[in-house]
Amino acid sequence: MEVGFLGLGIMGKAISMNLLRNGFKVTVWNRTLSKCDELVAHGATVGGSPAEVIKKCTITIGMLADPAAALSAITSKGGHFLEAPVSGSKQPAETGQLVILSAGEKALYDEAISALNVIGKKAFFLGEVGNGAKMKLVVNMIMGCMMNTFSEGLVLAEKSGLDPRTLLDVLDLGGIANPMFKGKGPTMLQSNYAPAFPLKHQQKDMRLALALGDENAVSMPIAAAANEAFKKARSLGLGDNDFSAVFEVVKDLKRSS
Amino acid sequence: MEVGFLGLGIMGKAISMNLLRNGFKVTVWNRTLSKCDELVAHGATVGGSPAEVIKKCTITIGMLADPAAALSAITSKGGHFLEAPVSGSKQPAETGQLVILSAGEKALYDEAISALNVIGKKAFFLGEVGNGAKMKLVVNMIMGCMMNTFSEGLVLAEKSGLDPRTLLDVLDLGGIANPMFKGKGPTMLQSNYAPAFPLKHQQKDMRLALALGDENAVSMPIAAAANEAFKKARSLGLGDNDFSAVFEVVKDLKRSS
Amino acid sequence: MEVGFLGLGIMGKAISMNLLRNGFKVTVWNRTLSKCDELVAHGATVGGSPAEVIKKCTITIGMLADPAAALSAITSKGGHFLEAPVSGSKQPAETGQLVILSAGEKALYDEAISALNVIGKKAFFLGEVGNGAKMKLVVNMIMGCMMNTFSEGLVLAEKSGLDPRTLLDVLDLGGIANPMFKGKGPTMLQSNYAPAFPLKHQQKDMRLALALGDENAVSMPIAAAANEAFKKARSLGLGDNDFSAVFEVVKDLKRSS
Amino acid sequence: MEVGFLGLGIMGKAISMNLLRNGFKVTVWNRTLSKCDELVAHGATVGGSPAEVIKKCTITIGMLADPAAALSAITSKGGHFLEAPVSGSKQPAETGQLVILSAGEKALYDEAISALNVIGKKAFFLGEVGNGAKMKLVVNMIMGCMMNTFSEGLVLAEKSGLDPRTLLDVLDLGGIANPMFKGKGPTMLQSNYAPAFPLKHQQKDMRLALALGDENAVSMPIAAAANEAFKKARSLGLGDNDFSAVFEVVKDLKRSS
């Protein structure tokens, strides 16, 4: 199958490289042409425009910060659309371990499934367009709340005379052990917030999840409290840091009185 | 080594059986004597009183709902004391997979380590007495908050037109996958709250964790919000259900207006 | 001065009657013409369209649920615009006791001041258009939070064995005494939520105040918690009741366990 | 009637002076004797000990930071006890404008009523001992929440481009106008937190109100969120400031991102 790929950012490059490695013919397009070079060296063809790529390929994947232009190209072609936000970052993208939250036209999903199975360890089909984005909001909302409670726990441990590194060890052996605590805990204790997922994006997803809840009259006091902590972090200038920097809001203790 | 064991509830029985299976000589005591029968059938000896057990054995483990009597027996003997709350329930107790949060006298910890290593997959020594209980409060506080956000996510998914079972599948493939979500999610969706950890105990631990935070001037808005949800669940008569019944508080939706 | 008046709902009728009583010449327009009768009986003239009223009068006041049509009439005339949300309901409107939060063109404010002084006990000029609406959001946000804490206090009193009516008396004698507690308390204790300000509008204002806070990175945990309680009330079908019906969310206690 | 008075702090001195002015015979006692001088100059007698005062007088009022000693004197006499926390500070004490929340023995209340009516503008009898303290906790809980939402409103106004002093004016004209907003608002805007009611005492009352709610399974998310803000203020070293210093926690904004 001939697969088109629009947008060669960190994620787009990793995914299209992975498709090439797995034997797909890939035609790429990127606003900045030089980003196509490495892909070409591995066998990709370069398309002259999104419309040209879309016309040529069976399916075209867009991984674009601003998808408006590409979407207009798709619809002007009278094409079919599958929404497919992914869960996972650079490394899972390179190794085909993403989780794909697709929604839209089932026939297109079925047509694309061989490519989706290479891109991700699991591709979900979630029904009508919008459901992919909604699912991602729900997951990120839970993730943001967990990061907040994790931060509160680390601070409570330390202020209570416990070693927070030991808390990490204890957590990792129990029923709430999870990769995020294991991965982020040690860097948080070093106040290292190199952005994997920027705090301002996490806060935006919390806000949107709360708006989704508002629309459906779902009361979410934990999410609401977590959102305010992320807003506080933004107000402290931490928006471009990793979302784990909300830890700074929780630990902001000077002296007890 | 001769190990004494006071208290043969669900956990006590499982742990002492595990010790017997691993070659320890075990002398047990329980207020209701008949509970000792199965242990005796597997080689345990029965002691006449806590004091007798303590006098006879190198180390004596107490697993008691009301430890006051046993503690007075220990201290009247002039003995040494190691606090050791465990993380984990019946099955990990049977298979020696508990996590042991011990604190108190290091020499006693060192003496007991061969037994602790049979009882748990990992025994921590956390310093002065009280630190074991504190660590457990921190862990349970995080767990209770996670259960709340998990509940909010499940309700948000369902009210937004997503299948909450699919949310479980998506969560289980990502960075916040954890045994609790995987284990409790399906039963929660069936409104099955058979108590593994009763909600009233979870709420008590949240309250105590918040009190610990108050003492140390640690602001924990997520824990505070979660505590109020658990209190709401108590007020609805759900205190004896599993703590996952807080889900009922979140999903208590009739109709939108 | 000749004053135009568009929209004769509860508020519009009360205000224009008040203007007539104070000697203003008033030309009214309303979609349903019959609503003009009482005003005409008291000396008002009826205009054929918003545009006609606007053309004829020095200033024209719009009190419209859907102001889009009237605004287009105003702007097509090349007119000047003053935003002027009011604080207060029917009775203050009849007696000229509203609080007017105007913003927009200062020259128009100065021109309209004699009418504004009849309509309200105080007219504020708040600067650029939008500031009137913002000020109203801030006030309503505080009001909604106060209603929540008032509800929590009433429930806490009752569940603790105190007479909540005595709490009302105590509150009314102290430093936080305010007309809302005094006015709403007795009806809330009777579960009487005849809508003066519908809960769904209060919740919308809380949501918008939080969105304003989000835009400006203002963390507002109290407002966020109050908003979730109002959402819970909406989910219970209380949206069309008075906003004091959030009391039902707080007192929703069955039995303790 | 002969009234005894134990404890001549700010409140005790003001109240006993007020009693003297109103024609009561007053016998005072204070640990530091010199504090009695001004009272004696106005006609008071000095007692040698709490027990002596209690023995001599019809009723004895204690206004003591540590009431244990005086209470033991009372009970050793076999006397009757009326709990009577007051609402109000120095100035209302001087002018007999306190609100008195009495509870305990009704006969003693009836006996003391002529003195209570001089001390306060209103004396409540709330039933069994403990109810006075509970009522005070409920009132202070509401007050603490109102201070938080007031702070959030002031910050939201300012960050949204509104003049917070204008917000004070608008609030003072509407349905939520109250003496606390009017009194504290201007000083808060000057970051003046001279302690009328210290923040650490407010936070203690919030904690106790939440504990009272916990005991009775009353869920109070607003109070819980407010308590965490007061704790944050304590952690920032603001405990000895006026409780309005929680404003500092809300406005702690550096830059938006």
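So that you can tell them apart, the chains are marked A, B, C and D in the order they are listed, and the count of residues begins at 1 in each.
Here is the rule we use: a residue touches a chain if its C-beta (ideal position, glycine included) is under 8 Å from a C-beta of that chain, and two chains touch if they have at least 3 such contacts.
Quick caveat, the model's predicted, so the values are computed rather than measured.
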Steps needed, at fewest, to go from chain A to chain C via touching chains: 1
Chain located farthest away, centre of chain C as origin (C-alpha): B
What whole-Å value do you get for the distance between chain A and chain B if each is reduced to the mean of its CA atoms? 35
Geometric centre distance via CA averages, chain D-chain A, whole Å: 52
Just give me the whole-number Å value for how far the CA centre of chain B lies from that of chain D. 42
Where chain A touches two or more other chains simultaneously, the residues are 213, 217-221, 224-225, 228-229, 232, 234-235, 253, 256-257
Per the touch rule, the chain B residues reaching chain D in their complex are 207, 213-214, 217-221, 224-225, 227-229, 231-232, 234-235
Residue numbers on chain D that touch chain C, as the complex places them: 87-88, 99, 101, 121-122, 124, 126-127, 131, 134-135, 138-139, 141-143, 145-146, 148-150, 152-153, 155-157, 159-162, 166-167, 169-171, 173-180, 183, 209, 212-213, 216-226, 228-229, 250, 253, 256-257
